[in-house]
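Note that subunit A is present in both complexes that follow, paired respectively with subunit B and with subunit C.
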Partner chain A sequence: MSGTAIQVRGLSKRFGQRTIMDQLDIDFAAGQFTVVLGPSGCGKSTLLRVIAGLEEADQGTVSIGGVDVTRTPPQSRGCAMVFQNYALYPHMSVRDNIGYALKLAGLERAERERRIGEAAELLGLRDLLERKPAQLSGGQRQRVAIGRAIARRQRVLLFDEPLSNLDAKLRHEMRMELRRLHNEIGATTIFVTHDQVEAMTLADRVVLLNQGQVEQADTPMALYHRPRSIFVAGFIGTPPMNVLTATHAGEDVAIDGGGTLRANVRTDKPTAVKIGIRPEAVELGATDGVAAKVEAVEDLGSHRVIYTRIGQQPVLAIDHGRRALIPNETVCLGFPPQAISWFHAANGERIEHTFKGRQV
Partner chain B sequence: MKTSARFHGRWTPFALGLPQLALIALFFYWPTLKGLWWSFHLVCPFGHCSSFVGFDNYLRELKDANFYASLFSTAVFSLFGVGASVIVALVLAWMVELHQRSGRLFRYLLIWPYAVAGSVLGVILRVASSPSIGLMGYLNSVWPGFWQPHLNGTQAMTMVVFAFAWTQIPFDFIVLVAALRSIPADYMAAAAIDGAGPLRRFIDIQIPMIRPQLFFVATMNLIDSITNSFAIVDTMTQGGPGGATNILAYKIYRDGFIGLDLSGSSALSILLMLLVLAASAVQFVVFERQAKREA
Partner chain C sequence: MVERHPLLKAMTLTLLALSLVFALGPIYLALCSASATSQQILVHGLALLPSSHLGENLSAVLHRADVGHMLLNSCVVSLIVVAGKLALASTSAFAAVYFRSRIRHIVFWGTFITLLLPLEVRIVPTYAVASDLFEPLHTLLLAMTGLQLHVSLNLLDSYAGLSLPLMASATGTFLFRQFYLTVPTELSEAARMDGAGPLRFFIDILLPLSKANFAALGTIVFLTTWKDYMWPLVATSRPEMRTMALGISTFLPTETGQPPEWNLVMAAALIALAPPLVVIGLTQRWFVRGITGVGK
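And now, the complex of A and B:
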């Protein structure tokens, strides 16, 4: 089973006075696992519900496989969906929950049983088929909800924050399982979440939404290493990217309230910029760097998170060394030029510097 | 719980409750006890003398063919009355829920009839169903003998069932609309995604999920049909024709106040009370079981 492409064009949606999204264009490639990521209230769930047909768009079109489905009711769109609270029919057994859509689709009993069996096998639900949802644990309900969605073999699979009600360990297991399932099924998958770890680990492509607009749509690694705005830089990564206010003049970057870095790009007139650097790229105890004051140290065993300040600006560093650090100690932080992301101070958008024929 | 913390002494709360208690005692417990007393005695027509007869009054009623005829009428009346009320209310509630936009207006309109008193409604329907005027009068002029509720027992029963359903539907409607609205939207969304259209969702998801409320309104309607249907029958058919609509609640009134058989009428009302108690007990047991299952 292969997926089908989805196009969203000029989508606008308002709830009363509140504009959720305005003129949104997004493409979802066939067979790809796309994670729609964003803070709560960014419109990601609304987007998913509009694609599913559960919510009507005020303007714009949705097409699935090249067919305009904007006015098609949800039951005729060929989508399967997993809900955040699972929405398993409480009065039906697991078998009937999975089989309900198959029955409505007019499949013969034998074929229905075969597909229910397959889905149950794939998700380890074999022994739970006769149970009611109330007799299942959260993780089991989650599996049933996924089983219900995949048993239909629809070309489009929609997930609305399906892991947010699970505990951390189960969430991790389900992430692995979902990725494995996607590789087996290959349906076009749209997965909505506010959890950037899910986005990083599951997605072929991440669409980061902010206030109904696409901040960046790219591979997880591109979002991580080359964020297109300060918003993206701050949203992706735990802890997020450090963003420092600075002035760029010549080849020098003077950090407000602190020292000066040497950059690998030059500017002719002094410009206010923001520079971003991932905590793990910050070099602790570099010989050539900026002085910072240690505020706190969190030791997580595998690594330490060092909380420092340059002037008033906080800088986090991830350190794998074992050197003793004490609060109020001054350390020297190195900022490797190739690890720095540049942003316009005014609007927070990324500045692409070209130098020596290569983009930074 | 600090139930009595605000009152000093045990008499203040009692005194506050006294008017209500007095009313209940005077108009509920006293007649009930009197009825129980009378049902075991043979009472003079105006109740000023009596002699103890044990269960004779009950045996007399239980041997009387009229009692069984009345019981049958009550059963038919209750069955069709409750069925019509619940089904019509359910369909109305579903349709109002289906059309969220216009549903709001209709929700209010459909609740209004709840405020109309039973006897007022009886008069209205009596005029509306009169064989000589209005729509039915016109139909009778086209097909003579088409509508004769004063001669045709089935038509008379249809009429009182219709009237009864009319009184119950608003209440049922309110409860069922609330029940439908309490179903989480995600279930309906999931069913829609699963390929179910509005009717399938109604049958497969909504009805099973509001089963407790359906059972609740059915029981309430049933109890009402047994006890509270006097006004309708009295204004529309007076139990006729030929006792076709002489349901128990009306027979009690007729035997007691027109036939002046206070003993037999009392025995009947005690039997009726047992019937209602049984219905309530069944409801109670079912709800308990449901609550336990959901817990």
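And now, the complex of A and C:
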């Protein structure tokens, strides 16, 4: 069971007066695990439901494996779906829940049993096959829902926030398991979530949606290290990227309300910019840097999160040192030039600078 | 009970006891009177204490009227109404909840306001239609085209005539609608993804989930149909089509001056009471779940 590519072209969807998405284009590569990430109301679930065929597009087309399925009913699109609240049939046993679609598809009993057995094996449900959903824990129910989807052996697997009803520990386990399953099955997978940790850990590729538009679509590491906009910078990472307003003139970057940095790019006329830097890239106690006032320290054991301010602008730093820090103390923060992301002050979009012939 | 105040407890208990007296008192009276002789009742009024003539009164009732046939009629009519009403109510509620259509709300609320028009209110037109099923069509044709139709179908004095007018009801549709609304929409979406069409979803998923509702509505409908007096009175004239509820009145005096035999009336009432008791006994467990909505 290998995957198949999905193309979404010019997709528009409106609910009453509210425009969810307008002229959206997205591609999902065959066999890839794509996470569609975004804040609530960004249209990610609607996108998934349109691909599944549960929602009709107002405009635009969806093709799966090169075939236009915009007008095809859900069951003929070759998609299987896992719902947020599991949506198991309460009166059916686990076996019947997994086997229901297979029965409707007209499969022989022996083949059905074989597939149910395989799915149960893969998900560790073997001992639970005769139970009803009400007799299962949340994690087990989610496994059954996943089993029901994979037993159908469709080319496309769709997940609609499947882990959001689970507690943190189970969520972590299920993440590992989903990744393992994907490697074994290889179906094109679209996974919708608002949780950036799920996106970072599961995805081959992340599509970050904001108000029905693709903010950035790339590998998790590219999103993390080279955010295309301030929105992406703020959405990915805990704590998120620090973003400071500053003025770039010559080779100097003057941070509003604070000191000046030496940058590795020149500009001839002074421009207002925003500079972004990951908290773990901020160097605490650098010899050459900007003065900041410590406001609070959170010690998490493995590392400390230092809350500081440069003028009025908050800067978070992650520190692995043991140096004692007290509130209101002034520290020197170093911003390594290669770790800085540059953004236009006006629209928050990334500025690409070329340094010594290569992009950073 | 959330409150645990002793006074409150005493009050609720009193209230419960009173309701019990009101509910069981008449049955007790009927039982006592059915075991008395006609003379006893004529002299003392309805008996307050049981006596020993129950057996002979019951056999007198069985002897004087064709009780077996009347019970059969009641059973047949009630079961037809139960089956018809359940089928109609569940499918119409399914349509009202799961099919997006512009007119769906109009249709649903149209159905709903028929609650304001029980059979008793529309008994004359209902009788007219039952006496000739094509009557409305005739009138319409005559008014619109001036054509006259010469077919007629008289449903009076038949099982169809007795049961059909009692079948359609907004209460049943409403009960099922409320239940279907509590079923998560994702369930129907999962079924769609699994390849189940609307009918499959209805049969495979909704029906098993609403078993308790079927039992509850079925019980209520059986009881109301069983005890219905007015429609069988109007719609039947032949004795062999009489239902048990009508049959009780056989023992009331038909001529002035004839003494009423209350002991036999009560004995007949006891016989009429038995089948519904059996039905309640059988469905009681499901009935409570279906009404309180814990049947899922």
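One rule holds for everything that comes next: the second predicted complex is superposed on the first by the 360 of 360 C-alpha atoms of A that agree within 3 Å, B and C clash if a C-alpha of one lies under 4 Å from a C-alpha of the other, contacts with A are read in each partner's own complex, and residues count from 1 in each chain.
By definition in this document, contacts are C-beta pairs under 8 Å (C-beta built on N, C-alpha and C of every residue); 3 or more make two chains touch, one makes a residue touch a chain.
Predicted, not measured: the structure shown is a model, and the values here were computed from it.
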{"item": "Combined model on subunit A where subunit B meets subunit C, clash or fit", "value": "clash"}
{"item": "Partner chain in contact with A:Y89 - subunit B first, subunit C second, else both or neither", "value": "both"}
{"item": "Which of subunit B and subunit C A:A105 touches, first, second, both or neither", "value": "both"}
{"item": "First, second, both or neither for A:V214, with subunit B first and subunit C second", "value": "neither"}
{"item": "First, second, both or neither for A:V297, with subunit B first and subunit C second", "value": "neither"}
{"item": "Touched partner set for A:A249, first subunit B, second subunit C, both or neither", "value": "neither"}
{"item": "Set of subunit A residues, in rising order, touched by both subunit B and subunit C", "value": "52-54, 73-75, 79-81, 83-85, 87-91, 100-101, 104-105, 148, 152"}
{"item": "Subunit C - residues contacting subunit A, complex", "value": "184, 186-187, 189-196, 200, 204-205, 208-209, 296"}
{"item": "Subunit A residues within the subunit B interface of the complex", "value": "49, 52-54, 73-76, 79-81, 83-85, 87-91, 100-101, 104-105, 134, 148, 152"}
{"item": "Residues on subunit A engaged by subunit C in the complex (per definition of touch)", "value": "52-54, 73-75, 79-81, 83-85, 87-91, 100-101, 104-105, 148, 152"}
{"item": "Complex interface listing, subunit B residues touching subunit A", "value": "184, 186-187, 189-197, 200, 204-205, 208-209, 294"}
